[in-house]
Amino acid sequence: MTIDADTIHHLSEVQVSVELQTEDMTLNIGPQHPSTHGVLRLVARVDGERCFDVQPVIGYMHRGYEKLSEVRTYPQVTTIINRIDWVSGYANEVPFIVAAEKLMELEVPERAQFIRLILTEMARISSHLVFNASYPLELGAATPLFFALRERERVLDLLESVTGGRFHPNFNRIGGVKPAYGSGSTTRKQLQDLPAGFLGGTRNAMEKVLESVDQLEALVADNEIILARTRGVGVLPPEVAAAYGVSGPNLRASGVPFDLRKTQDYLPYDRFDFKVVTAENGDCWDRWWVRLQEIRESAKIIQQAIDSIPSGDLQAKVPKVIKVPKGETYVRAENPKGEMGYYLVSDGGQGPYRLKIRSASFSNLSILPWILEGILVPDIIAIMGSLDFVLGDVDR
Amino acid sequence: MDLLADLFSNFWVSLGGKLLLVAMMIPLVGMVIGFAEMKLSAKMQYRVGPYFAGGRWGWAQLIADGVKFFQKEDIIPDDADRPVFKFAPILVLIGTVALLVVIPFGPSLIFRDLDVGIFYALAISSLSTIGILMAGWSSANKYSLIGGLRAAGQLIAYELPLVLAVVGSVILAGTMSMQGIVEAQIEAGYPYVIFQVVGFVIFMIAALAELTRIPFDMPIAESELVMGYLTEYSGFRFLFFFLAEFANMFTMSAIAATLFLGGYWLPGIPEDVLEFAGPIILIAKVFLLVFVMIWFRWTFPRFREDQLQGLAWRWLVPLAFVNIAVTATLKVLL
Amino acid sequence: MTSSPSDTQAHPLQSFADRVAEAVGGTAEIHFDTVKVTVPAESWVEAHTRARDDLDLVFFSWLSATDWANDVQAGEPLRDEVEERVELISALSDLTDGRIVLFSTSLDKDEPRIPSLVDVYAGANWHEREAHEMFGIDFEGHPNLIHLYLPDAFIGNPLRKSYPLLSREVKPWPGTVDVEAMPGRADEPSTENPES
């Protein structure tokens, strides 16, 4: 064949149109992995660095709480449910107790409600500090981990001084909070109220927490590389978030000013002045930023609550053996991770007939197949970290 | 003294001595810098760092780590490509050790003053790249493979700015021999960093990327790929990689100090004092640069692969070209 | 309290409940401050579509079921006999006032089946998978009805009342324990009452 301009042109075109045969690879991220917040398995099909199908496989931490609670009495259920979202232990107990008290039509003393509120906000600060520690670590910055966890120790020490446990307080009782007994006592006489110095110590700790939030913000917020990794990554439109049930800081970062503390009355939040923090874009940076600001708001709420805490009983009068009358109710609360709710069906017995636990991370995690489509592998880590879920909360 | 001088004038004896010295320097330098990293990072994070090993300062920590690595079981994955797997860490270490040959520690303290000193240094440091690729491929592990692929892209991309950044210094000095560049700076009376700031910054960034240190840590990416191309390495093979990273920090900083900061020379110090003080001055400059590298590692998160490549191709390479053009023009005119 | 015409003061959510019931074609009740709307199973998907479009209940909170059975293998049996059924419940909320509505329907206890909600709310996907494996409900039209938590080889539906808890079969309830008293203190009252 003669080689002329036309032939050469044709040959060059043929070269270009032959595609390189590449295979895509199935990559298992997890269940043991440094960044999956627990035992989560993502089956990702990747083509080079771009993944185009991510399926989460969960259930490695399924402990069967809903079935377990059917064979337990109400006080026994409170011993296990603070292990659902173990990072913010106290916040898991409150909606359940409120649901049981609603069915019993109990009036909880104000002092107990204020104490519940203070401890819930401390749980929120603790959870958001863990997020601030682990999220930059997943992006590669190792130093905010130490700053944030150091502050968290203050909060955990306070929690331990009043409840006896750092992570799993089990401090709620039907009708209020647990009255403190003297040590070594085998009688039921209430000896003291809260530990001496708890309220003053909490006030000081909140001031230190506010300072450290400034430090964290200075370290992380203007860092160009963090901005490059998180700005515009993993944008979550509010309509999609609502359809999937994504709640909490994730929803607020997409611009929806929805905070259950303002709309529900499970705790007396209406007495306090705090902002609902929202952001505009719904990307990873906004989710990080919203959580950082929420620490500030929680510290302010705690300071206001300490200043105005009323005196009174810690627990209403309840019978020794608690039977909750027949009925059903659903109580939802603003947990650090999102909306946590308990749907309680009672048949008049000592334990629930059916307890459905609506956990925030379950819905937050269900958005992963949608949000992870067509993005790069490092962004998987960035987006997963910014959704801030805990596998105990997902699997229950 | 005469006996020693006679002994060392024999080529083979002096060669053996030099080899021994180089072989001892690498672990020593690696341990010192590793220890510095542990203590400095602890200081930046409100911690204490190594405390118990060897008394109050924990100075024996890395010696203990070395011994620990040596006595571990040698695990090679079943599906791994055995010869490649075994040879990869050695290749990385060779790339590092061979760099020490051309670094001038004093006016006559250099292992071998090659005429193409800097050219040789840059060429031989790319051997480590092949070693990393071999490690990633032969490990029979998808995470290692991804790490190896990322390393391929990153290391090749950052070779260019590394090479182009030193051209400015070479133009100013007029020679590629490392000793010659230092002597040119002594003659000129100022370290080249004063006019080659751009080149210096580009070189340091590219050196960080060649070392795969944070912020250019994608091939390892501990929180994503477990350990990237190093995932399957344990025991003394991992020790080779580990030492190679720290020793490479030393050698890259030494090259930067030689080309830009004046090497073993400080203004105002006479020649004969430099014979003794030269190494100390050079090591001081090197540790300054190493401190900056450690500081960056613990402050910044890591770049994503495409951002990293964008930085290299769209910013560093054009800047380096502009730097060369300006330097050459000014050298001709002035 | 459940609303009844004899209440002197109507529940604050009563008008909202009536509005929802009218829009979706069901009956509304208020149980202890919770609005519950019962719809027939045939109009399950239709009711949700109307709730999403007309009532602005765009937030899909959760979907689960309750197994009303008289033979309870694990836990206390019911005090009064009920008609055995599987009650499917979904919770929808709006994003402005935080008002949540529980939608309820009754399914056959032996072969519960109902059309899937994934076309109306994308988030129903995982919740329906969980209800499927826990209760055995068959959701028609669900794209991927496989086990969510439980291993693939798991047999049975754990949250049905007929499913026993194996640990309770082996050993009866360990709540009240016969603990041997400390030496010399056999007369003191025991303190293992599980109340608090």
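For clarity, chains are labelled A, B and C in written order, and residue numbers in each chain start from 1.
Here is the rule we use: a contact is a pair of C-beta atoms (placed from the backbone, for glycine too) under 8 Å apart; a residue touches a chain by one contact, two chains touch by 3 or more.
Here the structure is a predicted model, which means the values were calculated and not measured.
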Centroid-based (C-alpha) most distant chain relative to chain C: B
Innermost chain, where centres are averages of C-alpha coordinates: A
Distance from chain C to chain A - Cα centre to Cα centre, in angstrom: 23
Distance from the mean Cα position of chain C to that of chain B, given in whole angstrom: 63
Approximate Å spacing (C-alpha centroids) for the pair chain A, chain B: 43
Contact footprint of chain B on chain A as seen in their complex: 25, 27-28, 33-35, 48-49, 136-143, 145-147, 150, 219, 223, 225-226, 228-229, 376-381
For the chain A and chain C complex, residues of the former touching the latter: 58-59, 62, 64, 66-68, 70-71, 73, 75-76, 102-103, 105, 173, 178, 186, 239-240, 242-245, 247, 251, 256, 258, 260, 262-264, 320-322, 326-330, 332, 339, 341, 343, 345, 347-351, 353-354, 356, 358, 362-363, 366-367, 370, 395
Of chain C, residues touching chain A in the complex: 1-2, 31-34, 36, 58-62, 64, 66-67, 74-76, 78-79, 89, 91, 93, 95-100, 102, 121-123, 125-126, 134, 147-151, 158-159, 163, 165, 168, 173, 175, 188-189, 191, 193-196
Residues of chain B defined as touching chain A within the complex: 41, 44-47, 142-143, 146, 149-150, 214-215, 217-218, 221-224, 226, 298-307
